[in-house]
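You will see two complexes here that share chain A, one where it goes with chain B and one where it goes with chain C.
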Partner chain A sequence: MKRKTTAVGASLIFLVSFVCGLAFADLKGSVHDFSSPKWKGVDQCGVCHMPQTKEAVPPLWDTRVDLSRRFGKMSMRKADPGMGTLACLRCHDGTIAKDATGAAIRDIDYPTMASPLRFGMGHGRSDHPVGVEYPQFDPEYRPTTFVLAGWKVTLPDGKVECSSCHDPHAFSGEKYLLRMSNSGSALCLTCHKK
Partner chain B sequence: MSSRAKSGWIIDSRRIAASVRSLTIAALIVLGAFSGCASPQAKVDLVYFPPPPVTAHAVHLLSFNNLGDLAPAEQSWLSVLRGATGGPFVTTPAGMAYRDDVLYICDIGQNVVHRWNLQDRAGRRLGEGQLVKPVDVAVDEAGVVYVADTGLAEVVAIGSDGKIARRLKPPDREGYRPVAAAVHGQKLCVADIHDHRVDVFATDDGRLLDSFGGAGDAPGEFFYPVDLAFTPDGRLCVLEMMNPRVQVFDIDAGHSLVTTFGKPGDRYGALGKPKRIEVGPDGVVFIADVGFAYIQLFDLQGRLLMLLGSGGEGHAATPMPSGLAIAGSLPEPLAGLVPTDFEASYFLFASNSVGSERVSLYAIGLGRPAATTGQ
Partner chain C sequence: MNRARLLGLLGCVVAATAIADESVVNSPHDLSARSPHRIRAVNEDQVCVFCHAPHNAAPQTPLWNRENPETYYRIYESSTTDARIDQPYGASKMCLSCHDGSLALGNVLSRPVSQPIVMTARTMPPGPYGEDADLTNDLSDDHPISFRYDRQLSNVDHQIRPPEVVTQDLPLGVHREVQCTTCHDPHNNELGDFLNVTDEYSAICVACHDMDGWRYGSHAVSNKRTPGRVVDPRQRLKYHTVSDNACANCHRIHSAPKRERLLRYVREEEGCLNCHSGDVARYNIAADIRKSSSHDPDPRTGVHDPAETPFTMARHVECVDCHNPHASRTRNIGAVRGTFGQIVKGPNENVPGITITGRAIEDSRFLYEICFKCHGDGLFRPRIVTPRQITQTNKRLEFMPGNPSYHPVAIPLRRDASPSLIAPLRAGSIITCIDCHNSDNSRFAGGTGANGPHGSLYDPLLVRNFDTADLTAESAQAYSLCYGCHARDSILNNESFSLHRVHIVDARTPCSVCHTVHGIYRGQGNAVNHSSLINFDLSVVTPADTPQGRRLQYEDTGRLSGNCTLTCHGMTHINFPYANAAAKSTSARLRNSFPGVKR
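The block that comes next holds the complex of A and B.
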């Protein structure tokens, strides 16, 4: 039993090391390479991911909180847009990093509390929506099964998010952290029929 | 004949009944629409923080996306019919400021600074066609509006006539990227995340009075200083995002470091990805944390007081808090929203760059005993 546990543990360590090794190998030289001198030896993962802390301090005004709670991903699980976008927008809002929130006004209906704004993502002036359901039944778009079959483009929870086309870990090595080459509009045509 | 007459009577009665129904529905719609005209039209949600039965220290009063939500007197028939309340609206809010009943909201979706007078309910767009990426705003005692614009790579001073009066930028600073501005007396402080420095300008003539910091994690150094705020006694709080902490300086004494607090983490008492900071008149430090998706409240000793907001879901949602502004008092009808079981000391505006609640208004103070029963 002990030997089996050790083997499983060793396998997990190997797997995590392998994946992390791959991640760092691909991040090197990418726009998300936080090991460059500009980043002053900062924890590379910590730029995007929050470090896990062991101890929690109870708030003075609210001592009844669940001190085991961890913030970050789980606190925004039902957000719209989803985590595949919110994690990017922490920096990509025009302050820390290049703005990705250049919502074009023409795409925004009159905002009210009853009809919340849709979030338009900016790629210069040609914006692309995120946090929206993939229009799988629209004849101008390819079926979801086709989109996901290539194992490149992702649709987290059936939605189009930043992470649908961009991979923050730069596994593909493509420019702009694209998940695949857009040569001949190949990436666009994964979803769009024309 | 009689049957026809009976049939005709039946048909007529159905028509009459249908007409009565239509008229009733129309009357209800009109009544419903105008019954709300006496109070702000935005969703009024009294949410207490901390929740009952703990004594409340803040109440979420309402959230709004446009000035019309707060200006029922300006509603038109058209706006009522279309379900919108009219007026200027905010798209992607960033930094905010509040002075003399006026709320200033940077909007990086529309590339303007909204100037919403909550007293006379009038809205203006500052910097239309001139600003590129306005990410933060500060206002001095003379009413001059300072806008940190990362697209222009400078701070723009807009006079009361709405025209650009001055452009501020440290000399010989390559890659200047101003992300935060704060004013205290005759001094304007600006954070530059390219060189990780804080620059102090004179508000009267734009002279560079002081510049301190530099990249690093030692005391007095900064790593991505994303926001600035002044304490009630005039000390400058510098918030760093990538080295999550707050450093407090006395800029009247050679920017000497007074105190430091904050550490990175993902549990109570830590800072996730802090983005904005504001300090209340009672010394409570508000930190908009985009990693936690909450607004965290600390005292100036760095002790966590409580969280404000509700992450990415529910009422008073704070999925991506992007701006904070403190208001000592508010004009009616906003001030009247404070429930009778809560004593408000001041107010906090908090913006979100995403989500359905772009700007939220909180009363900060203390709940009276009745508040523990909730509402």
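The block that comes next holds the complex of A and C.
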């Protein structure tokens, strides 16, 4: 019995490390690779995650920044961004200095996130809406089952979030950390019935 | 879970089959390098990026990835539009960022200006008769856009439907205005031309435009084929029959050669004669209007305006002066001659006119009202050909009720009719302008051509020959116009004027020397001197020397009797009397048969 448990545990550990190995193999060298010399002094994962403390919420988001603030008018629709999206916008709304992450970088030209990676510049109308319910019954959009059937695009809590299209860990190795190739606008047409 | 996955798979299959026509992919709006169309990118393989970007787009609602052109557009103008048309804005402006041909197709906001997407064509290629895709900055030849379509508009123009009843498939803009996106869905080319509603039977046009009489009009229901030869050679019509093409037979919605009212041809008549030259339509009107005496629309182009007032308009004639191509339909003009023949029907429905009392109306009820537009009070009436005692160029006045004598075009005669009338004409009958003025080969004249005053060999546009030259030898042919209603036997047997035979046969005097044709206006002549349409031709008849001085006069002394004072053909009559022996009996016979008709 004990041996069996050990075997299961060993295989689990093996599996997890394999998956993580795959994942972080892609992260290495990607735009989110915080282990590069430019980001010297930064905890590679600590830019986004923090160890299990009472301040952290799963999956270990760093909540020291006020995540409850709203980012302007997110879109015409009523937007309520999830934790993941807010974590992205922590950097990508261009309000936080880069060295606030603990990095010892002195980038005078771009002390904060700059265009074109700084979002929300058009008061929510320049960017694809996030934190909105996926309009699964709108005839202009494909049904949720279709969207999720490809195992690429995600809809956390049934909402469109940053992570619907982007994978911050660069698992797929696509440009712009996309979850799938956008050749032929395939990513767009996964949801949009155009 | 399994069921969800199965559903998803099923969804994939369904979507993949549906994607074929409904999707923007592979449509002409797919500008990616994989697109099957001529205009596409060289390397870029994304489809949406030419218009949309997920981030850093223009702050315009559909994540717009293009600059808006700062072009000043020439906008549509028309004398008959009630809409207030603005410079394009909103969605239309986005379409024009490619379709006005000014901005580079590959110039998108998500890329630096110095590195646009490399395309097979830098801008929208021009080509007035090619793909119609380059609208240029001249939008006056395109259907108007960026105007408010509300109840205010439909109240002013009754030929525009109220916006509430227009199908939801034709969406209006944020401020209820018509934009490019009202008719076009840029993502869906299922119906061709990215239309929202099919243009077969012009369904998309008549969704908003409710033209008078269109529903039963010939151009809406005719199943005549429009083979390649007779349609506009510069652009083929999309469908095969007149009713399928409907509006598109005459109108072009984009890049129309004739800007105002978006017509296919600059010359008004060409649009009609394209089909009405014996190829598609039954009758060859083109041949008619080339005859010596015709309503020839050729010489004056661009003068006609549907908003014109008949009293002040410049001289012109076009097909659409007498016909409303939206409402025209095939139908016999009259049932029985002399009864209701003059009520407007079929080909002349929904045409403006002038009533007998001189009032302009939108919808003529009688044929003569259409004629009076030009031949009544208009400024440019045909000049006088024959010098007469009384001259009048206003035909409306000549047919007025209360005139001493007239041909019964507007109202029936109160007096006893001429004894020579051929049945079914009788006292109380009504005739029409086209009983006399008609094409010489018309069905009315016994030919095979179209009815109506299109063109004739006999001047002035007469249905049959009518000699007016002095010393014409009498024959059935010489005065066949008159003999059509007034029996030759009766005239020559002196049943009406007892000396008809002497004058017409022996003295070879044409009818027109003594009689005018249309009528005598009551303001100019009286019932004594100008009854029976007597109005002498002064080039033949001259005054006689009498003890009271030189006089030229006819005097009515009772039914079918009178006396004349004149010099004609070297003969002088002074109070020369005549009376018809049969007058009394004829008169009594007529009175008996039509008791309501008073002498």
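Couple of notes before you dig in:
To be clear about the criterion, the second predicted complex is superposed on the first by the 134 of 194 C-alpha atoms of A that agree within 3 Å, B and C clash if a C-alpha of one lies under 4 Å from a C-alpha of the other, contacts with A are read in each partner's own complex, and residues count from 1 in each chain.
Following the convention adopted for this analysis, contacts are C-beta pairs under 8 Å (C-beta built on N, C-alpha and C of every residue); 3 or more make two chains touch, one makes a residue touch a chain.
Because the structure is a prediction, the values reported are computed rather than measured.
By the document's definition of touching, of the two partners only chain C reaches A:L189; chain B does not.
The partner of chain A that touches more of its residues, comparing chain B with chain C, is B. Of the two partner chains placed by superposition, only chain C is touched by A:C165; chain B is not. Of the two partner chains, chain C is the only one that A:R142 touches; chain B does not reach it. Contact with chain C, but none with chain B, is seen for A:H128 once the two complexes are overlaid on the shared chain. Once the two complexes are overlaid on the shared chain, A:V47 sits against chain B while remaining clear of chain C. Overlap of the chain B and chain C contact sets on chain A: residues 76, 115-116, 119. Residues 42-43, 49-50, 54-55, 57, 63-66, 69, 82-85, 89-92, 94, 108-110, 133, 135, 150-151, 179, 193, 215-217, 223-224, 226, 241-243, 263-270, 272-273, 275, 289-294, 297, 299, 303-307, 311-313, 317, 319-320, 322, 353-358 of chain B touch chain A in their complex. Those residues of chain C whose C-beta lies close enough to touch chain A in the complex are 4-5, 7-9, 11-12, 15, 22-25, 32, 34, 45-49, 52, 54-61, 63, 110, 187-188. For chain A in complex with chain C, the residues that touch the partner chain are 76, 115-116, 119, 121-123, 125-128, 142-143, 145-146, 148-149, 165, 182-185, 188-189, 192-194. Partner chain B is touched in their complex by these residues of chain A: 40, 42, 46-47, 50-53, 55-65, 67, 69-72, 75-81, 86, 89-90, 93-96, 99, 101-103, 105, 108, 110-117, 119-120, 131.
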